[in-house]
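Both complexes below contain chain A, partnered by chain B and then by chain C.
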Partner chain A sequence: MNGAGTYLATRDLAKRFGGIVATEQVSLDIAEGELRCIIGPNGAGKSTLFALLCGIHRPDSGRIFIKEQDVTSLPSFRRVRLGVGLTFQTNRAFHDLNVRQNLEVPMGATGSATHSRSARSEDRYRYALSVFGLDGLRETPARELPHHQLQWLEIAMVLSGGPDILLLDEPTAGMSPEETTQTARVLQHLNDDGLTIVVVEHDIAFVRQVAQRVTVLHQGSVFAEGSIDEITAHDDVRRIYLGQA
Partner chain B sequence: MEDLSVVVSILYQFGTNGAFLLLCALGLIVILGMMNIINLAHGELMMMGAYTASLAYQAGFPFPIAVVISFFVVGVFGAVLERLVVRRFYGRELGALVVTWGISLLLSQGTFLVLGPFLPSIPIPGGAIDVGQYSLSVYWLILIAVSAGAVLGLAWLYNRTEFGLHARATMQNAEMARALGVNTDRVYMLTFSLGAGLAGFSGALLAPTASIMPFMGQQFVAPAFITVVVGGASNVIAGAVGSSVLLSLVRTPVGFYLGAFLGLVALLLAALVIIRLMPNGVSAYFQRWSDRRSRPTV
Partner chain C sequence: MKRLFRLATGPEDIGRSPGFWGAFAVLILYLFASPLWLGEFEAYNISFYLLNLPLALGLCLLWGYCGVLSFGQVAYFGIAGYVYGIIAGNLVGTGWGPIAGELGGLAACVVVSAVFGYFVFYARVQAWIVPILTLVLTLLLETFLGQTAGYQWRVGNVQLGGYNGMTGIPSFQVGNLVFYGYAFYYFVLVAVVLCYFACRMVVNSHFGKVMLAIREDPLRAELLGYDIRARQLGVFVLASVLAGISGLFYVQWGNYITPSQVGLVSAALPVIWVAVGGRTSLLAVAISTYALNWVNYSLSSAGNQYALVIIGALLVIVMLFFPRGIVVMLAEAGFRGSLARLRAALRLG
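Right after this comes the complex of A and B.
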């Protein structure tokens, strides 16, 4: 599946906040159909990188490409319309809307002339609804859902827009081990189906369950890149990230 | 017959009081209730609607067309205002309050300087129906129907259309809405423009019942804010309907028997009491009540 062409790429992304370097010279190539985890200790620049990829922050220098199109200066809603699906670390489903309405927001927004849901993304969306148990909860207000189901709702909302790539920021934060495993299974299934997925994640147990390739960020730069086995065997990574000598 | 005409007259008074509150509140339901902007220029937007209607009427347009023109003229003005000024103050309630107050002064004083102290008034369309010793204005009966229709239309737009869904999503969490592909800048502009247009529409409709002066907006601001705030934010449209009904229920009998001034005093007292008893407004109370009903008892 790899090698089918680069879907998402960054070149020398740099962002400073005041005098603090958040990311420096971050270059990534995410291939179509890949499931990539980006890990790193606190302060490594994961959240900043995610915000740059989403279009929440603009980089001070460097470029971002989606399907070889330069999107560095596009606002986030335009990137979404190019086929990017985003979820944030803090849950942001619309609490005052019911489940059905939450799922309808991206349909109209991304189902414009530029991007419409293909049969394949329709299948992914249906799959997520049933496996996350959201089918029977359509008229339930989002505020009444338990925490993990709100996070699942958010993933389903993103899939309802029919994306070609998912960018997820800590999708399992606050979940129990069983819920984390369930989430990992669903993401793996979606990836097997051809969906490109990038996960920024802190939970190494989750990363072990899903990742094909792992990028380790440290002090704002790419510190190491490789398979999960290579990464966990890497002495320096163990030292900075896993806290082992 | 005498008793019946008293009942009809009280019902009519109740309807006109409620319609007046709803019409005053119409644009503010959108701008304060949905966008959470304390828009102190609301009265001046209504004044602009009245002015536009008066000028269009003098130019020979029939009054209903003049009302529609007012909606669009003030709506476009609102869109420009949002682009140039208001968008810089989202999430800064006090900043928005001060800047809209400034806009209200500019609009009323500017109108006074350019167009003078008053415009010719618009004759009240329609005649009157006599019921016993009372006379009911046909125009006010039309206003009751139009205000109900406008609120239903707004509820439909808000609850049943894609624009309404995107607006609700944007007002709850703009960043998430953008992350789902919603062009939130456009949603903000259209929503503010809709609120301004509705204020212009109400101003035009109320123009025949008022003197058309640069400072006429002030009489609408207090009823508008009272209606929206008493209604609360949980469900702003249902809240505004509920609060205008409740407030008219208090104002009408007091006004009928003790005079219009004491009726207004009773309305203000009722607003105080309701906000004291239901700090989140009438709609939060409805919401809790319907939540309790919808939840199965175990």
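Right after this comes the complex of A and C.
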């Protein structure tokens, strides 16, 4: 079904909410170790695609594969245990818990990669903690963190579970250019270390900094796919997404 | 041992300073020594205030730490009490009947709560519906027990007794030692202290952290790899067993139980005890449960018909002025005050 080295694949994934088509015939192949950005205008189906990938919604049709295993009917927590980590578009760190508690919760999810969290995952987690400056804030309630650090906390939290693939839904929303650059640097480092990353993002500058390949979603379907240069040079993409003639 | 100590004294409850543990030790010593100057009747009354603590601690775990409000924990209180009455009542004179009754009562709690909880949590019933379903279960139980008057409603030698309830339930007994008076007081005291420490260990364990995460955001917790349905079910069964322990103590204390023990008023009381103290702290709930039972019992036994009205009014006042619970908010204010004093002293120094 999916090619060698493919970590995550979807085939003809479709989801409707009532009469609204959220995704239609979405087929993707994310290679192991890839850093893929998914872009598209509002309502293109990006967040729905993520919700389908991690099991929040069940597709009406189509299949999802993780490491060639069909996970379409698996509940969310089982997909996480297969190595999927996800951050939400709206920050969902546990605001009433402190940083330490937030980071400890994912450690020990029964049967997850965490139990045998590899030295590599441990290194990635430690790296993120120190670069994000969360090390010295362990007893700080999450609700007292500034916005960008709350975003970083959620990424670190997911990393503490030792995922093999990171799905990030607009990780830099609301961040300053410096914070965005910092986030991009961390993601690139993690990707260089072998972590597969898929990012949904609006910020083209950020996409330019990190993406190896870009998928453009439009009206629930894959509209174009290629390198960032190919995508930004694509006339139709410029028209629908970048608002240029 | 070190690990157990760390779990019992961990950060997920108020009361962590050496000063607190000193005061706690003094309180326990006082309670253990108090039969020296208390009459047997007073000790028996204190047993009553104490015996409700496991029920309240269970609800605190379930509601305050795991975010699941059950309005029907007294169902398990009643199930354990009635099953104990049936088993121990049929085995009178054997010496081991009460132990079999206790095991049977708790086993019944586990089975009923596991089956009921399975349908509630595995069906992913929305959080706001759970209190209604749990209340319905306990009211159904009350209705059923209420119509069991008549000789035909008996199990072996024991009659269920309809609204008059089951009477003549044997006290707890191990061999020839009958737990009555002071012995019952010590039995309840030891059990309640053990329940409190067990609950503290649960909330300070990794399981406890996951409970907090589920309370905060169930979807986020699930997307960190946890089967939240199984976790919620586990806490629900644990809370039901704790309610069952209180039910066992209750029937051993008064030697009777009536369907009103699983009725609407009884169902509301544990929610009030937990809300008044502060549902996010086991210690706060233990304090408020003891205090409110003392108030309720003292007012009722003095012939005051308004005991429940006063308790209800207290709930309204607490909800308005201490939304997170009196004990929790006072403890936080005290802690902040101490910090401010410490800062001021450092500045002066």
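For this structure, a couple of remarks:
FYI, the second predicted complex is superposed on the first by the 235 of 245 C-alpha atoms of A that agree within 3 Å, B and C clash if a C-alpha of one lies under 4 Å from a C-alpha of the other, contacts with A are read in each partner's own complex, and residues count from 1 in each chain.
Note that contacts are C-beta pairs under 8 Å (C-beta built on N, C-alpha and C of every residue); 3 or more make two chains touch, one makes a residue touch a chain.
Not measured: the values here are computed from a predicted model.
Three-chain overlay on chain A, with chain B and chain C in a clash.
In the superposed pair of complexes, A:Gly108 makes contact with chain B and with chain C alike.
Of the two partner chains, both chain B and chain C are touched by A:Leu97. Look at A:Val216: by the touch rule set out above, it reaches neither chain B nor chain C.
Once chain A of one complex is fitted onto chain A of the other, the partner contacts of A:Gly161 extend to both chain B and chain C.
Touch criterion not met for A:Ile197: it reaches neither chain B nor chain C. Overlap of the chain B and chain C interfaces on chain A: residues 54, 56, 75-77, 80-81, 86, 88, 92-97, 101, 104-106, 108-110, 157-158, 161. By the touch rule above, chain B contacts chain A in their complex via residues 162, 165-166, 168-169, 172-173, 175-184.
Within the complex formed with chain A, the chain C residues making contact are 206, 209-210, 212-213, 216-217, 219-228.
Residues 54, 56, 75-77, 80-81, 86, 88, 92-97, 101, 104-112, 114, 157-158, 161 of chain A touch chain C in their complex.
The touching residues of chain A, when paired with chain B in their complex, are 54, 56, 75-77, 80-81, 86-88, 92-97, 101, 104-106, 108-110, 157-158, 161.
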